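Same chain, two partners: subunit A is paired with subunit B first, then with subunit C.
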Partner chain A sequence: MSTRISTSPPAAADHYLVTFVGGFILLAALGIGLAIDARQAFLFLLGGAFGLTLFHASFGFTGGWRRFVQERRGRSLRAQMLMVAAAALLFIPLLASDISPWGRPLAGAFAPVGTSVVVGAFLFGLGMQLGGGCASGTLFTVGGGQARMLVVLAFFILGSLVGTAHLPWWLTQPSLSSINLSKSFGWVPALALTLGGLGLVALLSIWVEKRAHGMLEARSTPFPLTLRAWLFGPWSLTAAALILAGLNAVTLFSAGHPWSVTYAFGLWGAKIAQAAGVAVGEWTFWSWPMQERALNASVLADVTSVMNFGVILGAALAAGLAGKFAQGSAKLTLAPVVAAILGGLLMGYGARLSFGCNIGALFGGIASGSVHGWVWFALAFLGSIVGMRLRPFFGLDGHKPT
Partner chain B sequence: MKSRNTLLFGSALLAATVAVIADHQANAPAEIPEAARASAPSSESASQDDDEGYAPCGAI
Partner chain C sequence: MSPRFPLKKSLRSVLLAVSLPALAATAHTGAAVAATPAAAQAAQQGNIIISADQAKKLAASGAKIIDLRPAKDYAAGHIPGAINLPWIKFNQREVDGVRNEFASDEVIERELAAAGLSYDDTLVIYENSALPGRAYVVFDYAGFKKVHVLDGGVGAWKEKLSTEAVTPQPSAFKLSQKKEIRVDKKFVEGKVGKADVTIIDGRDEEAYLDGHIPGAKSLPAPKLLTAERTLKPQSALAQVLADKQINPDDEIVSYCGSGVYAANNYLALRNLGYRNVAFYDASWDEWSRDPKAGQSIAYDNYTFNVAGGASAQTTADGIPVGGKSGVPQFIDINELKKASDDKKSVIIDVRAPADYDWGHIPNSVNVFWDTTLNADRTLKSTAELDKLYKAAGVTPDKRVIIYARGGYQLTHTYTTLSLLGYKNIDFFTGKFEGWKSK
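Moving on to the complex of A and B:
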């Protein structure tokens, strides 16, 4: 059987948007390359690939966790586990090696296991259900033209800024130091433990789904096999999971650290506050050497920022290609906007306390072999369940309390 | 609704682009004079200070 290759765009493709956003991406990459360097321009384009993948597969954590808890459907949760497992297969051996591209060793996402992670992850999980998207979800839906998510993003930035003001205090609270499974047990047992843990979550989701429905849900979107499907979407969750893992490995190798999203939000907030006359540079957090340097450098020199710009624009390009830009966006009413504000604030504050979001802490942390990633996952999931209970009070399509 | 969101997206993109350019202009490193550049340490060694092994979402 032969596979027919077709590259003709679907009738719904938004040609103007594709041309404009595509041209903007190329110009911006050129500008970043000239203003900073070629590697930074590459990372911007890499962010674009993340955004395109996230949009074409609608790959988000928030909806997937909600479907698992409320409908006992675990397909999305299993795709997330596959993504982290595929990344761990690349990350753990790479991080244990002596490879030092760009003259410095690769750095995994490692963080202490303490009060700040427990509290921050719980708040983040709660916020992501109220906001209707996690950090990467917020970026790709903003790129997809969802006005409500612009509100979430604005307050995500504000919450992150407040988080940077409070983080030094949180770090004085009880905590274990960071636990790197590779250093504790060696990289092979660390990889086995990580894959085993991810496999257990996937098996649990299968057990729960079969118990509730008798069988697993049939795959709704096939693996993209034609060039047309790759260009215009939609992509299956499995395809997206494997691509996101690969892109994160490319990020680790080219940026020197795993993909992260929320650090930039705090930086953007600090720069905006500084421009408004707030003496952010005097805050403890922003006087630490790395943070001080980031605050006083061009935002284009910050890896996380340029990758976030890329994610938004890549998602906008995908939305144009699929003809789905601003599709399904409803009129903004007060209650969902209040939920967006609260969700953004909680996610921003929580992410700063817990050293990242689903991407930086869960995806990057677990794939690096860091125990804080697992603690983050458990607490964010718990917070998410509370958030699902609160959604109906804001007119969101969540669980109706009985 | 779609045209309103497109307008909103376009405005946000324009505002963000202006803000990024302004920030870059304000914070871009000053040009190093040729003579000073010759005696300055290479960027390779300068990059290996306290940010060695740093991940943005990792421990501070």
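Moving on to the complex of A and C:
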């Protein structure tokens, strides 16, 4: 999930895959539109757009953080900061206005700043490096045909389910209430603080990179300017960053809340467990009103689930267009699979504890002006550093497994 | 100087012939009028509030018509021949925090004199409805024996109104026949709970429900009027009163918020022939501000809709997250069970001891919410309350969870504990399993 070398020949598009996936997406959208409503179908397609974007730009957090820590290259990290900043420019004013397109005001991604976020984010960051992808990364690589990521996803779901069982306890641990920078300082200062913070991280990465390499890495993928580039990829990180920010704003407006990913994993886990006979409905978490309703309703009624399906399919479509489906898929040997299992479990559990993942907490939280997003970022990064150190033990990064 | 006619002589005899029976007739009615006050009141049944036709007849035979409305309304059009005596002149808007009290005797006397009235006058007073009670009670207090009220007020006068002001010749009126018709708080206190006394509350139903003199019955004064603001027919009124068991033989005490509706009820009941009606002028304004006076409330107990309701702080995906910043939360059963084992928490069951004995949450303590009140339903002193709670092991350093089964009990306990300085309070009102039973 890192830079593409510009001299590699563009692969031929996989026509069958594109047709199949494209057709499936359309049918699914129709089905969802009929089963639920037009808005849900739109959100599904929006998920598709997210997936396509993520894949075409290979926009991953995990590799980016690793490159920064291990190689002192901060391009990906800076693209992430740009993405969040662009989103904040849209989110914070939108949330400050009392606009209520669906009868109630838009909800930002806010969560209490406490023990569960600190612990959960750290575990997520750790798991992220073992699994080889964060939440959005797992989805788009699964869509892109990486079999190993299916293992990560499966255990991500399991970890989330366990997380729902434990979350009520975690919520009784010491915690501040959620801190909304807009409410604390007014939205203009909140926006300034947010942009300032993100800018600071970017500047820091520039300083670190220059110190280590003398100059910043050259851009390898140009900003897509032709239709061909847009359709078949690859996209520059900058382009993806801006588009993802825009898509998240559309999500905020259409769904009433920012893009989220990991909530669905807990739901899927619960539904599967319920189908297997486990009395999940009696768990404290699943007896909370909104969760109970989600558990008892069709999975298609859950916005996050539907968008996740969209992300996977959108990535698959992009993979087909770019001719990169299942490209470079390594053989599944034991050690990397163990890492995938552990990574998935840690991410699932960690995300549930910390009210989200890189998308829900970092992207959505910081862009909404929530302090928990920053805490999440910091702790996940720390966890990632630890995770990076553990990767060699599992035979990742070309090392022999220990 | 007309010459003497033989007709004059016959005229005198005719007059004599006519006057004798007339005299006899007058003596007859006069005798009736001179009977006992009770009978007099009974004879006045339906005689206070009169129709426009009756009013016209009385006016023709010398009765004075009094327009009680403000000068502006009088000037715009009044019953021909009426004099203007705005009732507001007899009123003080607020005295010692009690609204709508009588003006002083001096003022009343002065105004009546300026209107040129005397105790011999027959008065027909009118305002905008059949019940200008506030003015009527002043005339009654002043001692006027022949006061009538125009049913329906100025709206009942079907002919053209006059804009010609009538300036009365001032009289040498003195308030020599006044009689106190108002009763004070002490009097009413003595009547609360008495079997043969009926206290009636003239306010709107909502106000009555929110708090009334213990035992009082609701008789909203506006309900006695029709849409045209005339008095409802006697049969209808009698039915209403019978339904509420407000009997003509009872001793009645009429009150309301400040004394306006109470006066209306007073007038209406007197008009119906009720002989024993007292008028508590200071009414609820005075009664309700005495913490020891006692109030009945008629609203049902209430509950908090906890399921996703009262404690509505959640994240966007519905995870309940309360701020631990001094805001009480409605906790769930798991948290309650944990608190039950926690030495730093105490669950306080505020139900009656009998309920507690039969079954309570393990490790919970019982402080019946009602025991925080004295016999006269005032809150006990801070010192007594501190002792009361401490004896049960409830202290401000602990996290207190109030277990209650209704809004009153919960709110009362929360308020009491807050007054004592408790800052760490949560609520549990949900389903509990695992009772420690008898």
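Just so we're on the same page, the second predicted complex is superposed on the first by the 386 of 402 C-alpha atoms of A that agree within 3 Å, B and C clash if a C-alpha of one lies under 4 Å from a C-alpha of the other, contacts with A are read in each partner's own complex, and residues count from 1 in each chain.
Here, a contact is a pair of C-beta atoms (placed from the backbone, for glycine too) under 8 Å apart; a residue touches a chain by one contact, two chains touch by 3 or more.
Nothing here was measured: the structure is a model prediction, and the numbers come from that model.
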Dominant contact partner of subunit A by residue count, subunit C or subunit B: B
Please work out whether A:175 is in contact with subunit B alone, subunit C alone, both, or neither, and reply first, second, both or neither. second
Touching partner for A:112 - first (subunit B), second (subunit C), both, neither: both
Name the contact category of A:211: first (subunit B only), second (subunit C only), both, or neither. neither
So, A:146: does it touch subunit B (first), subunit C (second), both, or neither? first
First, second, both or neither for A:355, with subunit B first and subunit C second: both
For A:260, decide between first (touching subunit B), second (touching subunit C), both and neither. both
Would you check which partner chain A:103 touches, where first means subunit B only, second means subunit C only, and both and neither mean what they say? first
Touching A:284, do we find subunit B (first), subunit C (second), both, or neither? second
Name the residues of subunit A shared by its contacts with subunit B and its contacts with subunit C. 107-112, 167, 171, 178, 257-258, 260, 263, 288-291, 304, 355
Any idea which subunit B residues touch subunit A in the complex? 1-2, 4-6, 8-9, 12-13, 16, 19-20, 23-24, 27-29, 44, 47-48, 50-60
Residues on subunit A engaged by subunit C in the complex (per definition of touch): 107-112, 167-168, 171-172, 175-178, 257-258, 260, 263, 284, 288-291, 294, 304, 355
The answer for subunit A against subunit B in the complex is residues 17, 24, 35, 102-112, 142, 145-147, 150, 167, 171, 178, 256-258, 260, 262-264, 271-272, 285, 288-291, 293, 296-300, 303-304, 309, 316, 325-327, 329-331, 355-357, 359-361, 364-365
Subunit C to subunit A touching residues, read off their complex: 307-308, 314-325, 332, 334-335, 338
